[in-house]
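Paired with subunit B in one complex and with subunit C in the other, subunit A is shared by the two complexes that follow.
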Partner chain A sequence: MTLLEIRDITVEFPQPRSFVDMLTRTPRPALRAVDHVDLSVERGEILGVVGESGCGKSTLARAIVGLVEPVGGEVLYDGTPLTFDRHSNRRRIQMVFQDPASSLNPSMTIGSMLAELIAYHHLRPPEQVQDRCEELMDLVNLPRRYLAYRPMRLSGGQRQRIGIARALALEPDLLIADESVAALDVSVQASILNLLLDLRDDLDLTIILISHDLAVVRNVCDHVAVMYLGNIVESGPTAELFSSPAHPYTTALLAAAPSFDGSRPPGNARLEGEPPSPLARPSGCPFNPRCPLADDECRTVMPPLAISDGRLVACHKPFASSRQGARTAGPPTGE
Partner chain B sequence: MTTALEVRNLSVEITRHGHTIRPVDDVSLSVDAGDCLGLVGESGAGKSMTLKAILGLLPKGARVTSGELLLHTAEGTLASIDPISVRGHGISMVFQEPMTALNPTRRVVDIIADGARAHRDMSKSEAHETAVRLLGEVGVPAPERRARAWPHQLSGGLRQRVMIAMALATEPDVLLCDEPTTALDVTVQDQILGLLDRIRRERGLSIIFVTHDLAVIGQVAQEVAVMYAGRVVETGPVRPVLDRSLHPYTNALVTSIPHVDIGTDQRLRTIEGAPPDPANFPPGCRFSPRCPFAQPDCTRAEHVLVEQATDHRTACIHPEALASISVEGSP
Partner chain C sequence: MKLRRRSRSGRLAVEPADPVAAKPPVPTSLKIGAAILGIFVVVAAFAPLIATHDPAFQDLTDKLASPSAEHWLGTDQLGRDAFSRLVYAARTDLIVGFLAALFPLILGTTLGAIAGFFGGWVDTVISRVADAVQSFPVYVFLIALVFVLGTGVMPILVAFTAIAWVPYTRLIRTEILRAKGLDYVAAAVVAGLPHRRILFRHVLPNSVRQTVVYFMSDVILATVTLATLSFLGLGLPVEQPEWGRMISEGRTFLRNQWWLSTVPGLVIVALGMGYALIGDGLAQRLRGDG
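On to the complex of A and B.
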């Protein structure tokens, strides 16, 4: 059953303009961070959104929770559209941020932070608030005495658990984890990922996990959507997408991921350059300037996100890159 | 194979408010000419502090209390040297955050040329030519034009390339890399790792590569040293150390990381507890409070690296405990 459906959502940020432009009434240039994205999330699944910095994955998440307002499109939650005013019922969609140190109020104790949320939303009668706080600490596997602590006394992993408890306090159905493990050490990262998996099973949560780390997504997510320059270029079930990527960008991302067993030499992806600025979007397919398979069609016509062999992919030549294999896909670059 | 750089029994102490802590404790490392040594560990393990000590760049309040630094000389012997005399000359460093490490008030070409002129006898125009040539060598497109750019005009990947060019300008024998790709995206990281690997092979450079990412180590390093709580706990050639670890900490690290190539479809293994506070290290083996194989004598164990297989040394006094579970076919 579909829990969340994103339809044709577009987010733009207006850019500053020069004094001359202001006098001549030239319209403000806009940076399009998310460009006509469609995405649906099934109840109970973990959906991974991957991409490099600047691809719009965090902006998409912020649009879903209502922290930025899209210029077009709509978000359907359980079949009803969400509005973007402050009083709409977005309590059931909660977010866990990347940096737990800067997203927790340093001057409040953990207990008062959680209690304030529960009281504001009238989720428990006042006499039960304390019990609920203790219950939340149990959920995220932290000792109850930490309720009296301030965030400064906790380690990075413990703070991230508080970030998760804070989100769970509002009893959400959908949790959006925006790079929630990126700032943590590997051993702590594993325990936070395990916690998210446990919560999905115990509380029947749906999770959108936003990450730049393909390995994390590979191990945790049921479905994956790959973003590039504000567009979703490919999405599908995790195992299938990783074993036979349909979009050349996905192929390149996988080839670029460091291989633990040393099977891929460094420089394997043969991908030149870096993602272009969203202010200077290339015409046609956004990936065409870096794509080894690009031809004239790719440079002029934007490929739509369409089903090809059971995979949603936005490419004129789906699966061509993985059939050729990453190593022979590109011309030798001398590196 | 000749040894390019050797660090013997290095200890670093920091005194603050009358308390002395020792974030680097009796660390010995060596890297062969033309090889890459990976130095792994979690934050606070002392890996960056070790690199800084090698170059004499320790922060205020920290001092080297013991240890010796030996560098390969033209005569083919290892000579004991002073960190400050080799900084930039025989040993260069590539830092993690390329924005804060590049001078924002100087053009790219001047940043590189300054380094070259400070250490090598050359004229301004020679240094300028060298800088442009190096920019081309590290894969900066249109080097003549980019040489005139300011650091803030470059992307993260290009800045890191400029950092590498700057480190190479002094023609070092050993390059120290402190998490050079941590701040970069995965496709750019792949380009930079490819670049470092290429210049290592072309120039016969030795690299000490500090990272917390075991997958990167598996890709670029030939030798690896694993650090935990200020000490090296396991060293050896990269494949045996990662595939047949002889220290429970290395084993725990390896099994706790997610892999791109194989999905586990199950919970990742975790390490119980947190790394110890440097002000209060546990006695004996410092990993023993978190170790699933710990035995009573572990808390009295002396820290000695013992060779268990060819060049493969571990500080664990019960490596057989780990060997027995590996045989049973755990990851």
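On to the complex of A and C.
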């Protein structure tokens, strides 16, 4: 069952314009960070959103929780459009931020931070707020005495657990983890990911995991969406997407990640150049300037996100699984 | 690294041991500063008990006397006991100095919070007025204002408030703009908390730290400026004991009765050090490790 459906979301950031432009009434240039994105999230799944820095994955997350306002499109939550006035169901979508150092209010104790949210939304009667805070600490595997501490006294991993506890305090259905493990040590990353997996099972959470770390996404997510320059170029079940990527960008992205067994996904994988600026988007397919397979159609016509071979691909010439079979040497790497 | 089917007992990672240390001790500078200020407050509060003479009593037959058992710091040009005047002056200087910094703090913080949080034309108006006030040389503006407003404590407070709010507004505005971009404010927005609550519980408490520290240095500045105004013969009534005026009046006799100017000067320096140490200690403590 679909919990969240993103329909045709576009987010733009207006850029400052020069005085001359203002006089000549040249329209304000806009940076299009998210470009007509469609995405649906099933209840109970963990959806990974991957892509390189600046591809719009964080902006997409911020648009879903209402931190940035999309210029177009809508977000359907449980089938109804999401609004961001105060008494909407926005508390049902919560976010865990990237940097544990700046995502907790340094002047509040952990306990008062959690209690404020519980009390403000009347999630528990006043006399049970303290119990609920302790319960939340148990959920994220931290000692209850930390409730009296300020964030400054906790380590990065512990703060990220508090960040998760804060999100859980509002009893959300959907948790968006925006690069939530990127700033942590690898060993701590694993424990935080374990925690998210446990919480998904225990609390019936749906999670959108935004990451640039393919290993994280591969191990944790049920579905993966790959973003490039504000567009979703491919999405599908994790195992299939990783074993037989259809979009040339996905292929290159997977090839760029170091692997232990030396196996390589299909296609001419090495990418040339940098992604283009979102201020000057190429015509046609956003990936065409760097794509080894690009032809005239790719340079003029934007490929729609269409079903191809059991998943969604936005490409005029996707790798088919038959071609993939011929190209891969070595054992399949999927689960 | 396969995480998904790992049992809970077989967790991959163990976080480092509890890094939680004992609460940091109160900084020494804060203790010393508080002690100095404490002495001044006690002296001001119990001035009638501490002073040996009536500070206004004139004895023209015994003017400009040297320090003695009778007059601990000698007498001034009108034969008034210098020590008693010094003690009574603590009342004026402490209270006026503190209030002359407190009112600008309140006004400046409010305006800065409004400008930073709401932005737009409100921000533009407040910031431009701040620019305009700041473009005047402080002392010239202050002297002109006090001259126009007349003698007394109120004119001095009004004049200080009208000028000294600018740095507070700038500090708070900048801090709030910075805090607005931080994730914990975003988290509060995502949690659905109303604007006012976010401003007062999440933004302001983390923005006032620098202001508190700045306030301490501003109290010194206000105290010294008050002394300067009195030195120039402006502001407070002539008969009210005040350190700046004592320095000014003793200046003529600096060659023979040097203590008349020097001792009040040293007293101002000591008070300033007290405030500075408190500010320093508070800065250390408020840096977030409290």
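Simple rule for what comes next: the second predicted complex is superposed on the first by the 305 of 335 C-alpha atoms of A that agree within 3 Å, B and C clash if a C-alpha of one lies under 4 Å from a C-alpha of the other, contacts with A are read in each partner's own complex, and residues count from 1 in each chain.
Please note the rule applied: contacts are C-beta pairs under 8 Å (C-beta built on N, C-alpha and C of every residue); 3 or more make two chains touch, one makes a residue touch a chain.
From a predicted model like this one, the values you see are computed outputs, not experimental measurements.
*Asks:* Where does A:Ser58 make contact in the superposed view: on subunit B (first), on subunit C (second), on both, or on neither?
*Replies:* After superposition on chain A, A:Ser58 lies in contact with neither partner.
*Asks:* In the superposed arrangement, does A:Ala190 touch subunit B (first), subunit C (second), both or neither?
*Replies:* Both partners, subunit B and subunit C.
*Asks:* If we overlay the two complexes on their shared chain A, which of subunit B and subunit C does A:Ser235 touch? Say first, second, both or neither.
*Replies:* A:Ser235: touches no partner chain.
*Asks:* So in the superposed three-chain picture, is A:Ser155 touching just subunit B, just subunit C, both, or none of them (first/second/both/neither)?
*Replies:* both
*Asks:* Using the touch definition from the top, say if A:Asn219 reaches subunit B (first), subunit C (second), both or neither.
*Replies:* Touch partners of A:Asn219: subunit B and subunit C.
*Asks:* Check the residue A:Tyr120 against both partner chains and state whether it touches subunit B (first), subunit C (second), both, or neither.
*Replies:* So A:Tyr120 only meets subunit C here.
*Asks:* Give one of first, second, both or neither to describe whether A:Ser107 is in contact with subunit B, with subunit C, with both, or with none.
*Replies:* In the superposed model, A:Ser107 contacts subunit C only, not subunit B.
*Asks:* Starting from the residues of subunit A touching subunit B, keep only those that also touch subunit C in the other complex, and list them.
*Replies:* 155, 157, 187-191, 193-194, 197, 215, 219-220
*Asks:* With touch defined as at the start, can you tell me which subunit A residues reach subunit B in the complex?
*Replies:* For subunit A paired with subunit B, touching residues are 52-53, 155, 157, 185-191, 193-194, 197, 212-216, 218-220, 238-239, 242, 252-269, 271-275, 335.
*Asks:* Could you list, by residue number, the parts of subunit C that touch subunit A in their complex?
*Replies:* Touch residues, subunit C against subunit A: 1-4, 6, 8, 11-16, 19-21, 182-184, 186-194, 197, 201-202, 205-206, 288-290.
*Asks:* Touching residues of subunit B toward subunit A in the complex: what are they?
*Replies:* Per the stated touch rule, the residues are 42-43, 139, 141, 155-158, 185-191, 193-198, 212-216, 218-220, 238-239, 242, 252-254, 256-261, 263-265, 267-271, 274.
*Asks:* Going by the contact rule set out above, which residues of subunit A touch subunit C in the complex?
*Replies:* Residues 62, 65-67, 86, 88, 90-91, 93-95, 97-99, 102-108, 116-117, 120-121, 146, 149-150, 152-155, 157-158, 163, 166, 170, 187-191, 193-194, 197-198, 215, 219-220.
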